[in-house]
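Multiple structures follow.
Same chain, two partners: chain A is paired with chain B first, then with chain C.
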Partner chain A sequence: MSRVNILSVCGSGTVTSTMVAEKLKERLLDDGYQVHATEARPTEALNMAQSGSFDVLVHTSPLPSGDYGIPVINAFACMTGIGEDKFFADVVAALHGVGK
Partner chain B sequence: MIDGLLYTMKAIIDNFSSAIIVPVIIFVIALIFKVTIKKAFLSMMNAAVALMGFTLLIGAFTPIISPMIQSMSGTMSGYTGVALNTFDVGWQATAVVAFATSAGMIYLGLGILLQTILFLIKWTNIFQPSDLWNNYSYIVWGAMVIYATGSFTLGIACMILLNLYSLLISELVAKRWSSYYNYPNCTIIAMHNVEPAVFAILFDPILNLLHLDKVNLNPRSIEKKIGVFGEPMVIGLFLGLFIGILGSVGHLDSLKTWGQIFYVAVATCTVMALFPKVASMFAQAFAPITDAARKLMGDGNGRTWYIAVNDAVGYGEPATLTSGLLLIPIMVAVATVLPGNQVLPVVDLLAIPYMVQGLVAVYKGNMAKIIVAGTIWFSLGLLMCTYTANLFTEVAISAGFAIPAGAALITSFNILGKPMLGFVFLAFLSQNPIFIGMTVVIYALCYAAFRFKRTAIEDYMEKMANRNQAAAEGDL
Partner chain C sequence: MIWESLTDSLICRDIEASSYQDVMKIVGGKLTDAGYVKESYVDALITRERSFPTGIDMNGVGVAIPHTNPEHVNQPGIAIGVLRSPVSFFQMGTTDVKVSVKLVFVLAVTNPNAHIGTLQRIIQVIQDTKVLKDIIAAADAAEIIHIIQAKEKAIENK
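On to the complex of A and B.
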């Protein structure tokens, strides 16, 4: 079981970022990951991503431009349920990419 | 008969607090949607903790902020004639209050049923149960009708009619929203955030006469300049100091006063930072049900249809976020001088990037237009908040939130600031069959007009949106 830190971003760090985080926790368990998620708002995402505490960033809101330094994955699929499997696969691939 | 049944329910509701009943209802709905027992149980616990968390937070915060608000209100009325005695607790707190009322408990189930049926019989092309969270937008008004009139029938009818109106408006802006934000076949449904789109469409010819369609503001460069001033805690600090200082005019020369001022400021920061955290626990309770409801939909059988998504997906788009942040100081300034207003917008200032999305979609990201139209419409919203503040505060107290007697009033600038659909609520509140009838007839006429002239209306909106050549479509 590998422990990973995911930054989940939506408008207020309240509703959809939480839903995405919960889904990741559940689905990535099957891939051997124990997900620790932190919810955030777009305006604070860049600083948090650069803090070095997170392995990947997933987002339902568009993000301000910048160098996030970690893989950034659009989680919009979780809002409609269409393409969700690909989203989870992308997150796993990104985690492999950062050596997790 | 129906009223009788509902009164039995009310007896149960009166004896168990909402922090007990609402979680149980969520548990039952989750089981109906075949969510596993483990997940349903966790949903129930999340809802219970969030409801109790809000009760404790609001109960602790109100006694700190209330005396300052009242004192500020007294001071200000001497200068500007505008007495701000109503504190904006924000959409998160309002959602929790709404779901804790009897109206909320009823509409949790009824809403899913109604919205699914409306989609299946093709009354609407929008599949709404994918955004259950935003149902509180109707529930708030229904709860106030039930509280004031004592009639469940009127309250439920009000919620259903508001739901119909908001579906119609969502359908009206669906094409524009979907293309601007670049989410194919998706639209936003939150009534409180689509309503301004109607005003945007009607007001657009006037803005064009003022040549605002030729004005081009660059969101990216402005966004960078706003920086730290757009952070919730920083806004909380400034507004807390603002309230504290204005509430202490006359004895600003004592150390004790400044101790109190900073205490209020830090308390306001805390609320800004903690409300979203508590609300996110409540959102966790909804996640499994929303997921299950979405699976009901299938592939839509080749219809042209839109799936309702939470408006968070548009929040960070540059023109949306930047015009939303620019409107923060504008709305605070307007609130202090607007005749008849009693509301100081606080927590929902951060919700403005949700509130402008209808305007952004209609104006294709033209920030000058968004700011002008937003200022006007949200100012009218402040007046609706003022008018409903008393009733909303009483509803919150009756739902079990410990707001001390004689405290300042509470509202939500985002949720209750609805200058147009607020009148649907007022019609039901009046219990006057003629007014209620009028709101139904107006809906029927608008619905028919949209059904028969849909293409012409959508073409007109595209044509008007494209006049704003300067602005670019949202980039993701």
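On to the complex of A and C.
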């Protein structure tokens, strides 16, 4: 089991980021990942992403532009369920890409 | 579960609104009237929607889940609004993709980590387009509550 840190960003850093984080925790278990998720607001996302504490960033809100330094993946599919499998596959591929 | 606390007073049908701001005032106002949220809640909903849209095109059915920060909320709850004619929202995650919304679930959320089960349940319910269509077509509030209860039962029996 590989422990990974995911930054989950939505408008208020509460509702949808929590929904997405919970889905990731459940689904990525099957891929051998123990997900530790931190919810954040868009305004704090860039600083947190650059802190070096996170492996990937997922988001349901628009993000301010900037160099996040980690893979950034749109999590909207988690809300609709449409394209959700591709979303999880993208997150896993991104984790592989950062050596996790 | 929040769904079980649904009451007629938190469900509005046949809403005539010309903007998402109107929708927030009407449906969010139900939460204010019932004491679930503070007077600041509706304005906070509108402001937040502008920066962080909550429209979702759920496989052809336009739905929105407006919500805002916990400091405007007294206790968790959900108000449901069915619009007579669709109103434009922007799609979640974008500021330029329009979604024609016929159904809104306005969420009053306090501590999201304490309500993870409820939040997941909301997703499960709104991802079922048949449920959304049935709610839109429902004859009254009691039928809407019944549709949601039946969906919850189906989820729990899985």
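By definition in this document, the second predicted complex is superposed on the first by the 100 of 100 C-alpha atoms of A that agree within 3 Å, B and C clash if a C-alpha of one lies under 4 Å from a C-alpha of the other, contacts with A are read in each partner's own complex, and residues count from 1 in each chain.
The rule is simple: a residue touches a chain if its C-beta (ideal position, glycine included) is under 8 Å from a C-beta of that chain, and two chains touch if they have at least 3 such contacts.
Nothing here was measured: the structure is a model prediction, and the numbers come from that model.
In this overlay on chain A, chain B clashes with chain C.
In the superposed pair of complexes, A:61 makes contact with chain B and with chain C alike.
Contacts of A:93 after superposition on the shared chain: neither chain B nor chain C is touched.
Contacts of A:16 after superposition: both chain B and chain C are touched. When the two structures are aligned on the shared chain, A:79 is found in touch with chain B and with chain C. By the touch criterion stated above, A:29 is placed in contact with neither chain B nor chain C. Of the two partner chains placed by superposition, chain B and chain C are both touched by A:42.
Looking at the superposition, the partner that touches the larger set of chain A residues, chain B or chain C, turns out to be B. Shared contact residues of chain A, touching chain B in one structure and chain C in the other: 10-12, 14-16, 18-19, 22-23, 39, 42, 59-62, 74, 76, 79-81. The residues of chain A lying in touch with chain B in their complex are 9-19, 22-23, 39, 41-44, 59-65, 74, 76, 79-81.
Chain C meets chain A in the complex at residues 48, 51-52, 54, 56-59, 65, 67-70, 91-95, 107, 109, 112-113, 116, 119-120, 122-123, 127.
For chain A in complex with chain C, the residues that touch the partner chain are 10-12, 14-16, 18-19, 22-23, 39, 42, 59-62, 74-76, 78-82. On chain B, the positions that touch chain A within their shared complex are 92, 130, 133, 183, 186, 220, 223, 230-232, 276, 279-281, 283-284, 286-287, 290-291, 294-295, 307, 309-318, 321, 350-351, 353-354, 474-476.
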